[in-house]
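Chains here go by letter, A, B and C, matching the order in which they are written, and residues are numbered from 1 within each.
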Amino acid sequence: MAFIPHTEADVAAMLAAIGVARIEDLFDEVPAELRVKSLAGVPEALNEMEIGRLMSARARSDGIALSFLGAGAYEHHIPAAVWAITTRGEFYSAYTPYQAEASQGTLQLVYEFQSMIARLTGMEVANASMYDGASATAEAALMAVRANRKSKSARILVPLTLHPHYRRVAVAIAANQGVKFEELPYGAQEGITLPDALARYDKEDITALLVPYPNFFGRLEDVDALTDWAHARGILVIAVVNPTALALLKPPGEWGARGADIAVGEGQPLGVPLSSGGPYFGFMTTRMEYVRQMPGRIVGRTLDAAGKDGFTLTLQAREQHIRRAKATSNICTNQGLAVTAATIYLSLLGPQGLTRTAAAAHARARELVAALTRTPGVRPAFAGPYFHEAVLQLDRPVAPVLRALAGRGILGGLDLAGYYPELGNALLVCATETKTSADIDRYRSAMSEALQSVRAA
Amino acid sequence: MSNVPADLRYTKSHEWVRDLGDGTVEIGITDHAQHELGDLVFVEVPGAGRTVKADEPCAVVESVKAASDVYAPIAGEITAGNPKLAGEPEVVNADPYGEGWLMRLKPSPGALAAAALLSAAEYQKVLDTEGG
Amino acid sequence: MPVGEKVIFEYSRPGRGARDQWPQETPAAALSDLPAKLRRTRAPELPEVGELEVVRHFTRLSQLNFSIDTHFYPLGSCTMKYNPKACNQYAMLPEFLARHPLAPESHGQGLLACLYELQEMLKAVSGMEGVALSPMAGAQGEFAGVAMIRAYHRARGDLKRNEIIVPEAAHGTNPATATMCGCAVREIPVDREGDIDIEALKGAVGPQTAGIMLTNPSTLGVFERRIAEVARIVHDAGGLLYYDGANLNAILGMVRPGDMGFDVIHMNLHKTFSTPHGGGGPGAGAVGVGARLLPFLPIPVVGRDGECYRWLTEADLPQSIGRLSAFMGNAGVLLRAYIYMRMLGRDGMRQVGEYATLNANYLLRRLQDAGFDAAYPQRRASHEFIVTLKRQARDLNVTAMDFAKRLLDYGFHAPTTYFPLLVPECLLIEPTETETKDTLDAFVTAMIQIEKEAQQEPARVTTAPHTMPVRRLDDVRAARQLDLTWKPTAQP
């Protein structure tokens, strides 16, 4: 019996104490016609050895390829200590820290996380996390609608350079509450949002502007100009940022004259493995003046009855378990283990380690782009600086090229045909500090062969 | 037993109204309300100049365990929100009918007379049925 | 237990670092293409500490926590059952961890097979026709469920159905979710036996009813005996039934929500299917639907074409409520749930329901025999039950909160307190099936002891806990004097 410790003697004693003859009798309030006859769709139990064999076989069949994929999830070195500590039972099997005195480990860790991520983004305050970068973006839009008292429209400007999945998630989550997302086009040569895209909104009532940084193409938007344009019109600025990039690039709190109002992003690059898309975590930071509009859990430091420092969940009156229908969000569980990993990761890397990681990623990406664009038939799609990923244009369809590369054990990047058909044969490639010059050369050589084989086909 | 001053008027949602005699009224939450909420940690009051309808939520009182809307008992124009409460929300607990006033309002013409406010005795009955 | 740790920033010394973890330094020339106006001017203010310091700090922090691995954790409505280590080990095989979410399906057939089979098993235990795995928590699953109900009505042109009915004892996420979906909330009462007030329900349904959100067993710990009638009333009025799966552990393998008449359900994989709570997540809120709602499932869903698995997306499900996650949800969590369900197998599912219910009823009986008051003494416990301490509060001036804090000193995590709001001074107690009879007996002994203390030495209880790393915390101060990030010169 999986994980059920009862002996026959236990069961007999317990039934006797309750005063029933069989466990079955405890279900006498359940109408008989509702009782399940058999769970045909569930196979027989496997013991641990058997499930281990099955999972190992499946993992082996999936294998590990040399990957140059980015597009919102990034491969970085994760120090061994990160998950060794994160999977300690005291972190792994603890619950949400509602009983603060029994959860000081988790609470202090989250306070440290809040402190680190607020500093990294240059903002004043953070929450304990959201599900992922995309849902954090949706929640930020809802928060901006609450927080921007001057605007009644609930119209949010969304650059097309924001990750396509993030845009879809924002609509799926926020549209039901009357938020209207309006798309901003990008410059075909530049791959960023240009001032003339904003011009038609000059005198409109707009609630917020989303600014991705880097954007989906890896390109760097003109964040100061965008921020100042928005603030001059009473529009809140929501930054959607890559946390590794922020070790090198100007953080949202320093954008324009006043800094962004809310910053969100995907925390996965900070010590969380790619793991097929999750669990990741979304981070959200903001100014103190908006803290009561921020959804999710927040940890605060306070004193205990003996005057000693301690940590507790605070500002809970905004949350679902108290405010119910008027809550800032329905979020309950967040992404605790992923946040634990990120906090340990940031502590191990520190400012120098994170800066070096960002710098190495950037250098590798430049090296990759240079190597691939030396190949005839491959050229950069956009002019201008990028961070750790870039769009290349091929002179033939991308999908068969990627298939050919995959056949050589290389995942070459993301085919943008389904997302940005106007870009033609476009491929989004990424390199981080995990790629060596030898890896890049191997890709270059495989790309050369792949292009030839596709031409020949 | 909570305090219910005889000279004020009340609503079922635990607000009190004091006629200031100069064409404006003062509004707050009752002793019962502040007791139910517990120690207040945050109070948000409306700004002067804002027009409100009767029963429109126009302020928020927040404790550790609850965050409640405060409803405008009468339609009118807000003349002032209590500036003290931003820094000292606990004043509402300590002195709900005095220093802990939330806002002052100039009722729309006829609104005060039309408002179905309760007398102290009627409000006390409400509390008695609620078990407060 | 250790007495406490400094905040990590306080260990920071300029120049310290875990250098083995840093990549080689990059020559400045390689960054020359980044314009100065986009560059950071100062390094981010992260702590500068060595690797051993980090390991020691976070290990010591972990030791300040209660957890299932260390303590009995009878939190009602949370299902704190053992998180099998095998689930973690095999979900974290290197190939699963290394896989990029956008890697081609040809390179993920092993993973997709696990997820597809998970969908099938969840359909089987819930009695539903389709399952989507992407919602990342119960609350997101709820959102998906209500959004699907709304989409269904709108697709039929029935635009007036905007109201969701919720019992007054419902979990706070339910009304919060309804609001997030743009619906109005109508609360209906439960009767004194803990069942929904059928007459109130009849009065509440109408052409404005989109649906009702229920859990069964309810948040009061008892089975909704007239569920068939509830389903009929709501369906006859044109509404749909949503099942909040938080309490699925009570009936796993015994009753299926689909058979009770529910049209859509979310399941908390981090409760019923034992994925780790992780100090606050990550969870997974898989949703299951009956035939009517199949077209609206959130994408992506795992599909099968012959021998091959693939992701079904917008093109396959044009009426989908959309994408709720950047990728496909919490894959690592889903793998853990898959492994757990394979280890339970067909018979194991039923045993979960049986033994969770046995443990709860045994614990309830022992507490009643010891003189504690059940909120619904005439009802069977499901997998959880409510004890009310309102008598103790009245006679001894000792509250449920005080009992909860004193239990910590006895080495037990407290049950859920003050939920549901309906029952005064309540403890919602859920032992789960993975606890031994001995542990339950020890808990009863502690409760008896605490009541004695409440009679003879009440201060011991009202000022508890005494043996934890901190005493009772001032949460009023925490909310009034917000200290949410560490500052170098911060003083409490």
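Here is the rule we go by: a contact is a pair of C-beta atoms (placed from the backbone, for glycine too) under 8 Å apart; a residue touches a chain by one contact, two chains touch by 3 or more.
On a predicted model such as this, the values are computed, not experimentally measured, just so you know.
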{"item": "Remotest chain, chain C as reference, centres from CA atoms", "value": "B"}
{"item": "Best-connected chain pair, where connection means C-beta pairs in contact", "value": "A-C"}
{"item": "Inter-chain centre distance, chain A versus chain C - centres from mean C-alpha coordinates, in Å", "value": "20"}
{"item": "Distance from chain C to chain B - Cα centre to Cα centre, in angstrom", "value": "38"}
{"item": "Geometric centre distance via CA averages, chain B-chain A, whole Å", "value": "44"}
{"item": "Residue numbers of chain A (touch at least two other chains)", "value": "317, 322-323, 326"}
{"item": "Residues within chain B bordering two or more other chains", "value": "41-42, 62-64"}
{"item": "Per-residue multi-chain contacts in chain C, two or more chains", "value": "475, 479"}
{"item": "Footprint of chain B on chain A - complex, ascending", "value": "292, 316-318, 322-323, 326"}
{"item": "Interfacial residue positions of chain B with respect to chain C in the complex", "value": "38-39, 41-42, 62-64, 89-90"}
{"item": "For the chain B and chain A complex, residues of the former touching the latter", "value": "41-42, 62-67, 69"}
{"item": "Sites on chain C touched by chain B in the complex", "value": "475-476, 479-480"}
